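Order of writing sets the labels: A, B, C, D and E. Residues in every chain begin at 1.
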Amino acid sequence: MILCKVRDKCVSTIKNKELTGISFIIVEKMDRNGEASGDYLVAADPIGCGVGETVIITVGSIARTAISNDKAPIDAAVIGIVDSKEK
Amino acid sequence: MILCKVRDKCVSTIKNKELTGISFIIVEKMDRNGEASGDYLVAADPIGCGVGETVIITVGSIARTAISNDKAPIDAAVIGIVDSKEK
Amino acid sequence: MILCKVRDKCVSTIKNKELTGISFIIVEKMDRNGEASGDYLVAADPIGCGVGETVIITVGSIARTAISNDKAPIDAAVIGIVDSKEK
Amino acid sequence: MILCKVRDKCVSTIKNKELTGISFIIVEKMDRNGEASGDYLVAADPIGCGVGETVIITVGSIARTAISNDKAPIDAAVIGIVDSKEK
Amino acid sequence: MILCKVRDKCVSTIKNKELTGISFIIVEKMDRNGEASGDYLVAADPIGCGVGETVIITVGSIARTAISNDKAPIDAAVIGIVDSKEK
């Protein structure tokens, strides 16, 4: 999984019918020190994250299990919000 | 998923038989500000996008669910057209 | 999917038993203008492409459906030969 | 799979319900000589690694089998701790 | 798939129980001319390759079929040894 910061919401009216009611967010990959990387992706958000939060994003076909719909054609989803990183 | 702009149609007469009737488009990955990245891929288009529209592309084996055919050997498909990004 | 040019055939005598009779080719990823990128991969070729043709390559576990064998351990396959790109 | 060094633990209280009780770690990809690459990812750790250990990380949807839960939306997991590399 | 040269064996005593008896090797991705790329990965080796051989590596969840174990959490495996590349 990758650590990302939530940057934007992403609104799409014309979309696949399996995605009705699913929120999409634009997230930016972070490096280890929490610095922005400039790499963005769009992820489904079943948790309800706020802009600026650090989240764990899972990538690939398994992402659909995060929204409990095997027919949802998504490849990225939030699976957790990060509290802290401990050494 | 990734945000892309639709650039071209891609015509293939000799193709896998599961792909008969499926449109393919050439899309270019966008950065957060909507600038072109120079990275291109080919995606199935079950929605009917126009050249120049910003779309959400899902990547990987799950893309086949976007065209409702589990036997279709595709790894990228349009799942939505973007209205706007809200902070 | 990605657009590639066929560059070489790839011969392997000692290989996984599910791959008997499957042709492998070495393809090079193209950019939008049909220029060589320098990135190569090996793909299964169920269609019978010729060296120099532009092909559509699907990548990932779904590639096995292009050769109709769910047990074939391949991650890339030709799914079509490109006629043209229309704007 | 990729060789990584364990760098941090990653704590998330608000997370997908299938991930309750699963430890997450932040790992850094290593090059062949064991040098740090600067690339990080988050992985599930079913083995119980210590910070500084060199581990084998599997990536993609198959990672869920490493924690024996097909519904777990994870894309990376530790599958082994490296003893040594022999030529 | 990608062309790689076998560089090292990789020994792991503490590993996932589905991987007992499976050999792991460290391979380096090659460019088209057989030059080293500096990119390394760890792959399961069901064929028994020797250090220095050029092999075809399949990547992703499908790799598990190369070792005939759907529960094996691996994302890369050798599927063939290259004889030659013919134009």
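Following the convention adopted for this analysis, contacts are C-beta pairs under 8 Å (C-beta built on N, C-alpha and C of every residue); 3 or more make two chains touch, one makes a residue touch a chain.
What you are looking at is a predicted structure, and each value in this text was computed from that prediction instead of being measured.
**Student:** Out of curiosity, which chains are bumping into both subunit C and subunit E?
**Tutor:** Common contact partners of subunit C and subunit E, which must touch each of the two, are absent.
**Student:** For the sequence-identical pair subunit B and subunit D, determine the rotation angle of the Cα superposition and round it to the nearest 5 degrees.
**Tutor:** Going from subunit B to subunit D via C-alpha fit gives 145 degrees.
**Student:** Distance-wise, how many Å sit between the C-alpha centres of subunit B and subunit C, to the nearest whole number?
**Tutor:** That pair's centroid distance is 19 Å.
**Student:** How many Å are there between the centre of subunit B and the centre of subunit E, using C-alpha atoms for each centre?
**Tutor:** The mean C-alpha positions of subunit B and subunit E differ by 31 Å.
**Student:** At which residue positions does subunit E touch at least two other chains?
**Tutor:** 60-61, 63
**Student:** Could you draw the chains as nodes, link the ones that touch, and say if you get a line, ring, star, complete or other?
**Tutor:** Graph shape, chains as nodes and touching pairs as edges: a ring.
**Student:** Moving around the ring in the sense set by going from subunit D to subunit E, list every chain once.
**Tutor:** Read from subunit D toward subunit E, the cyclic arrangement is D, E, C, B, A.
**Student:** Taking the complex as given, what residues does subunit E use to touch subunit D?
**Tutor:** 7-16, 18-19, 24, 26, 28, 38, 40-43, 51, 60-61, 63-64, 71-76
**Student:** Per the contact definition, I'd like the list of subunit C residues that touch subunit B in the complex.
**Tutor:** For subunit C paired with subunit B, touching residues are 1-3, 31-32, 46-47, 56, 58-63, 65-66, 77, 79-87.
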